[in-house]
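Here it is, the structure in full.
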Amino acid sequence: MQVSLTTPPVAHVTADAAPVLRLEGITKTFPGVKALDGVTLELYPGQVTALVGENGAGKSTIVKTLTGIYQPDGGTISLGGAPVHFATAQDATAAGITAIHQETVLFDELSVAENIFIGHAPRTRFGLIDWPKMRRDAQEILSRIDADLDPDMPLRELGIASKHLVAIARALSVDARVVIMDEPTAALSHKEIEELYELVERMRAEGRAILFISHKFDEIFRIADRYTVFRDGQHVGSGLISEVDEAELVRLMVGRSVDQIFPQRAHNIGDEVLKVVGYAHPTEFDEINFTLRRGEILGFYGLVGAGRSELMQALFGVTKPSKGAVRIDGQVRVIRSPAEAVENGIVYVPEDRGRQGAVIGLPIFQNVTLPSLAQTSRHGFLRLSEEFALAREYTERLDLRAAALDQDVGTLSGGNQQKVVIAKWLATKPKVIILDEPTKGIDIGSKAAVHGFMAELAAQGLSVIMVSSEIPEVLGMSDRVIVMREGLIAAELEGEALTPENLVRHAAGIGARP
Amino acid sequence: QDNVRIALVVKALGIGFFEAAAKGAEEAAKELGNVEVIYTGPTDTTAEGQIEVINSLIAQNVDAIAVSANDTDALVPALKKAMQRGITVISWDSGVAPEGRQLHLNPSSNPLIGNMIIKLAADNLPEGGKVAVLSATTTSTNQNIWIEEMNKVMGNYPGIEVVGTVYGDDLADKSYREAQGLMQTYPDLDAIIAPTSVGIVAAARAVEDAGKVGQVNVTGLGLPSEMAGAIESGASKSFAIWNPIDLGYSATYLAYELATGDAEAAPGAEIPMGRMGKLTLDDNNEGAMADPFVYDESNIDEFKSIF
Amino acid sequence: MTSFLRSREAILAAAILALLVLISSRFPAFVEPGNLARVFTDTSPLILLALGQTVVILTRCIDLSVAANLALTGMVCAMLNAAYPGVPVAVILILALGMGAVMGMINGLMVWKLKIPPIVVTLGTMTIYRGLIFVLSGGAWVNAHEMSAAFTGFPRVDILGLPVLAWIAILVTGLFFLGIARTPLGRAFYAVGGNPHAAVYTGIDVGRTQFMAFTISGMLAGLTGYLWVARYSVAYVDIAGGFELEVVAACVIGGISIAGGAGTILGTLLGALFLGIVKNALPVVDISPFWQLAISGTAIIVAVAFNSRSGRSKGRIILKRAEGHA
Amino acid sequence: MTDIADHQQAPRRIPDRLQGPGARLLKSWELLLFLVAVAIFTANSFASPYFLNAWNLSDATFNFTEKAMIAFAMALLIIAGEIDLSVASIIALCSTAMGAAVQYGAGTPELVLIGLVTGLACGAFNAVLVTKMGLPSIVVTIGTMSLFRGISYIVLGDGAYRGYPAEFAYFGQGYVFWVISFEFVLFALLAVLYYVLLHRTNFGRMVYAIGNNATAASFSGIRVARVKFILFLLTGLMSGIAAICLTSRLGSTRPSIAFGWELEVVTMVVLGGVSILGGSGSIPGVVIAAFVMGLVTFGLGLLNVPGIVMSIFIGLLLIGVIALPRLWAMWRH
């Protein structure tokens, strides 16, 4: 398989052309879950098909079936009219199907170039890997997506956003007929997202068939030509995007209508709860000053890599600041570890769910009660009934989809795992909850549930810090927004000043201080 | 009449010396008629392993246990328990403390062995010279006693200087490395004395590899079968050993005599051991079987296929 | 270049130099070329096994059966030689490689097909292989005089001042450098260990790659088995007992991450040399034998502490103005 | 089993458990292992006339009680994702410390105290290297394995300590009631204690959480380093207790005491169903595994099977007990 960066666009195909890829009657069962139940999916050349559905609807599962990672229990896949079978991911690549997966499919110890080409590296005549060619090709692909990355850099030195760009570059390293993107924008910020859209446009123009999975409706309506909706592992509808509206799509997804995405909130903001003074870190952030009041939702906006997560982790005691102080309810507190943060009523829902959030291997209820064990136990001895009760209270409130509370969290879909992590922290009844990209990868129905619960808790006096790279969410939920750029606070916006333009302007440093 | 079951417990299975002793035990058993020999031992030379073996022998209610101990003291509680349950216990080759056995059979007397190993080295060094000792583990009882005895008689060998003692742990590779180290540390070394069958072979190998055959003579205690190559190459001019077959034979005989009540272990007692004559016990209930025997070019071929 | 100077390999190399200087201050003859060659030869078996172990550890596995594999192969070679002295060394070499590989494959298959954790598999096969030597030999030794001169002589044959044993170690190290950097399998070892989940997504068969690693490790253990037995001219049940931990220690001192996916061949080579030098120096620098164990233990701890310090990544820098100073 | 189709109605109720306790027991490792133990017991009683004898069975327990005590703590440590290969060397050092104290006229209570404190100190040393300096425990303890035993060699050389007080012999040779030895009682007591600690307390839950995902556990407010520190201390302490029993049983100390035990302890833990990768396992499993290993070695010992051949059985058992159910499942598909 060779990279062709200069291939002229394939003749543009009209909307009623035959599908290049067709899946029919695909079934896939996991222990206890029928993830796919006879679904159908068609992808057309030169068109973007959006696949939507709630968390756990089976979207990622169909992607994995299509790319040879899972073998379907039943059904057929046909490519260009002929039935195909993919035993491994390499088979699918060879057939011209490439994917950006929801999970990061990258290797920290390998270089950027190798990450892009592993599995199909260029070879010399002797069958050995041709490093110079690999570097050159990598450089070319990276510049195609405007990623300013050194191909020789070890991946471990990159931030999450850059890593995601490498994942995208990897998908482009194959000259594919079919390109699949499973929530490609979830980890990206405004600027990169725009670039990704352009890329999608270009690939569409080249006649490639694109499957685009997303929970963000604005982008679906912006770039998709067609839609397909899954609900609970079943195909519930598909058609041209021009023939539906948002409400209809939502109704198909959740089986009912969701009238209002951002809840109305009563803004009864009380006394100062948290005050951060002169917080600094040698390499990550500096001059951080802000306050948070009771019942307030404080948004943190910034481009990915602005240092918001680092700041939040310092507040949570994960990393050590070099200067500065934190006051909680007026008292100066030193927080040296997450345990101390929790004792002081500050909790943190991390961005990296798989690594820092969910304890995969433990059942749902044990995940939820982990920081609340002192509350559910007596004299250090466990009381399971209390644990189940607590876990049930919070997971049901967040509309968790699970077969049972003693199910391993690892078997839940990404969005549902996120709900477990949020439930875990709410169950500690904190003073301040820090949510780092809280609805990343959460479907629209659950998002509404999370937002609704957030609003309700704020109304009860909980203070919320919400780090988000989604402008609608930031605007819709926050009372006040702090914009960060390159480790510094670029602006604090409130009331009238809270507009999308202002957010983007300060985050990107346009017209701001040098 | 029931068979008398005698367990021959060795330091570790798989060592040529003990395999030969087992042959001797079988020979004694055949002679005695109603004896069943159980040849057993741990896999590696540990006291804990031997205790497990002894426990299972106690459980089988054998009539006698004859043990070559990995540790003088650690076996005592287990062997005491055996004696309490009416089992005859003797030690041979490598002894246990007196309270843990009825008698101990030394292959030879310790002073004789100590003298023999230094004499073998000195005989080839009429002008005197430097010798070094390559022992087994730092904890092996008999090696340490022999080296001690050797040091006592050093005065009789003027001109011979013992420059150092190293430990090869009865491991071929470590002994080899230690021997190499000796030759480097003392470039003018004349002989290596290895009073252990593993060490002597490894030392001979090291001498051959260092191209020092003729310069450094390896001697000590070894088995003819294992040392035949070294004698042939000249790395070793001579070495000594008692006959392990005889040792196993004698131990079995003694155990039989005590177990059947035909003899009693007490200071001064003389206990018959078949073709090997009688064992005379000293104040510690110990006795020596015979003198060590020297092997060199002249007789090695005769013995190398026997043990 | 500067990145190499800051790497753990450079620090380890510096530590080895410092060690040599220290030893030579007490015992100058140690650093004579002839002796260094001897130390290298003595370390060759460790290098061979550590290289095999490296690819296994890279794939997030561990092979505790290498020493038992070595011993069993060595015993079979020795018994074969004793019974049929005429069998040429080339055949014995092939047998040793083949037997070792088969034992490695058995480990690999259980890890691949049955998904049993590698440490469990190899803990089990370690005792089984070791036990088989006893069953096979009845506990008897194979001694020098039973082996043919060609059999014991092969690893000692002198080529350009170095024995064949050392040349084999050099050759295999060279092959590893090439294979790890330039073959898809070599890169797959890193991928599988670094992120097994992601490896599946790139079409790399995790189990098969681990199987290959075990096969290579087994093959080298088998080869070393013959070389070992020939070198020391003796084969018995317990040869190289406990050597597996030394092999793992060499890898880890060399910076191979026990969590898989990280480390270099150069690191392993240096790690093995470090241990080899310590082991060979202790007998000559006239330190009481009773101190040796404690000293080598301390050396392992210090080495690991050092290279974990040097390996800690700085992370990225968000603050633009901090870039200059960091 | 919830039906996916009726997921629509809100608020949906999530059941507590997918399976009842009975179903879980049936699929459990412990049951499988228990059946293996019963099978071995039966086979032994047919194979040797000496097997079914109270005193003999009591003697047989000495083959595993000391190792099992360490195995309990090791199980927790492995579940938490760490390992301690220095346990046997800790025994050597504890025993040496006690032996040295005897030379200065220490009595039994002092000896016990010294044994325990030395064990704790060794555990603390490992713990500092692992939790404070962030070094991988498998490597650290390969190092301290040499270091601790090395110190014993430095102290003792080729000598031995003996002359332990007469009442000190009780720990390794005494009987509490008829054939029930002190060691066995201690073993049973510790089994219960560790069962409660791992399966019934918050601490045990944290151990599992850390083993499954240490980062997430730390982000959940668990003091990961502290828990691991305690686990290393416990392992050191258990090694100290085992050292007291073993020294008392042997009545003397040499630096080579308990050589090679670390792998037997790890084997016992793994056979007991503890995942070597951390995150799962149980104390009942380890208890049954201890009996299985004891029964196998004692049973084969009665048949005078050499120890190394026994180890083939243990190796086969270790792999077989894990492999057979998987082979069976593969074959059925």
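So that you can tell them apart, the chains are marked A, B, C and D in the order they are listed, and the count of residues begins at 1 in each.
Simple rule for what comes next: a contact is a pair of C-beta atoms (placed from the backbone, for glycine too) under 8 Å apart; a residue touches a chain by one contact, two chains touch by 3 or more.
The shown structure was predicted, so the numbers you read here are calculated from the model rather than taken from an experiment.
Student: List every chain that touches both subunit A and subunit C.
Tutor: Touches both subunit A and subunit C: D.
Student: Does C-D or B-D have the larger number of C-beta pairs in contact?
Tutor: C-D
Student: Using the average of all C-alpha atoms in each chain as its centre, how far is it in Å between subunit C and subunit D?
Tutor: So the centroids are 29 Å from each other.
Student: With centres defined as the mean C-alpha position, give me the subunit A-subunit B separation in Å.
Tutor: Here subunit A and subunit B have centroids separated by 73 Å.
Student: CA centre of subunit B versus CA centre of subunit D: separation in Å?
Tutor: 37
Student: What is the distance, in whole Å, between the centres of subunit A and subunit D, each centre taken as the mean of its C-alpha atoms?
Tutor: About 43 Å separates the centre of subunit A from that of subunit D.
Student: Which residues does subunit C have that touch at least 2 chains other than itself?
Tutor: Expected reply: 134, 139, 237, 290.
Student: Mark out which residues of subunit A touch at least two other chains, giving numbers and ranges.
Tutor: Within subunit A, no residue touches at least two other chains.
Student: Multi-chain contacts only, two chains or more: what residues does subunit D have there?
Tutor: If we look for residues of subunit D contacting two or more partner chains, we find 153, 157-158, 260, 306, 308, 311.
Student: Going by the touch rule stated at the top, which chains touch which?
Tutor: A-C, A-D, B-C, B-D, C-D
Student: Sort out for me which residues of subunit D touch subunit B in the complex.
Tutor: Touching subunit B from subunit D are residues 48, 50-51, 53, 55-56, 59-60, 62-63, 153, 157-158, 160, 162, 169, 172-173, 246, 249-252, 254-261, 297-298, 301-302, 304, 306-308, 311.
Student: Can you list the subunit A residues touching subunit D in their complex?
Tutor: 32-34, 37, 232-233, 255-256, 316, 318, 337-339, 341-343, 347-348, 350, 355-362, 365-366, 370-371, 373-374, 377, 380-382, 388, 392, 395-396, 399-407, 424
Student: Given the complex with subunit D, which residues does subunit C contribute to the contact?
Tutor: 110, 113-117, 119-121, 123-128, 130-132, 134-135, 139, 237, 242, 245, 248-249, 252, 257-259, 288, 290-298, 300-301, 304-305, 308
Student: Where on subunit C is subunit B touching in the complex?
Tutor: Against subunit B, the touching part of subunit C is residues 27, 29-30, 35, 38, 42, 134, 137, 139-141, 143-145, 156, 228, 232-234, 236-241, 279-280, 282-284, 286, 289-290.
Student: Touching subunit C in the complex: which residues of subunit B?
Tutor: 12-16, 19, 43-44, 138, 164, 166-167, 171-173, 176-178, 180-182, 184-185, 187, 201-202, 204-205, 209, 225-226, 228-230, 232, 304
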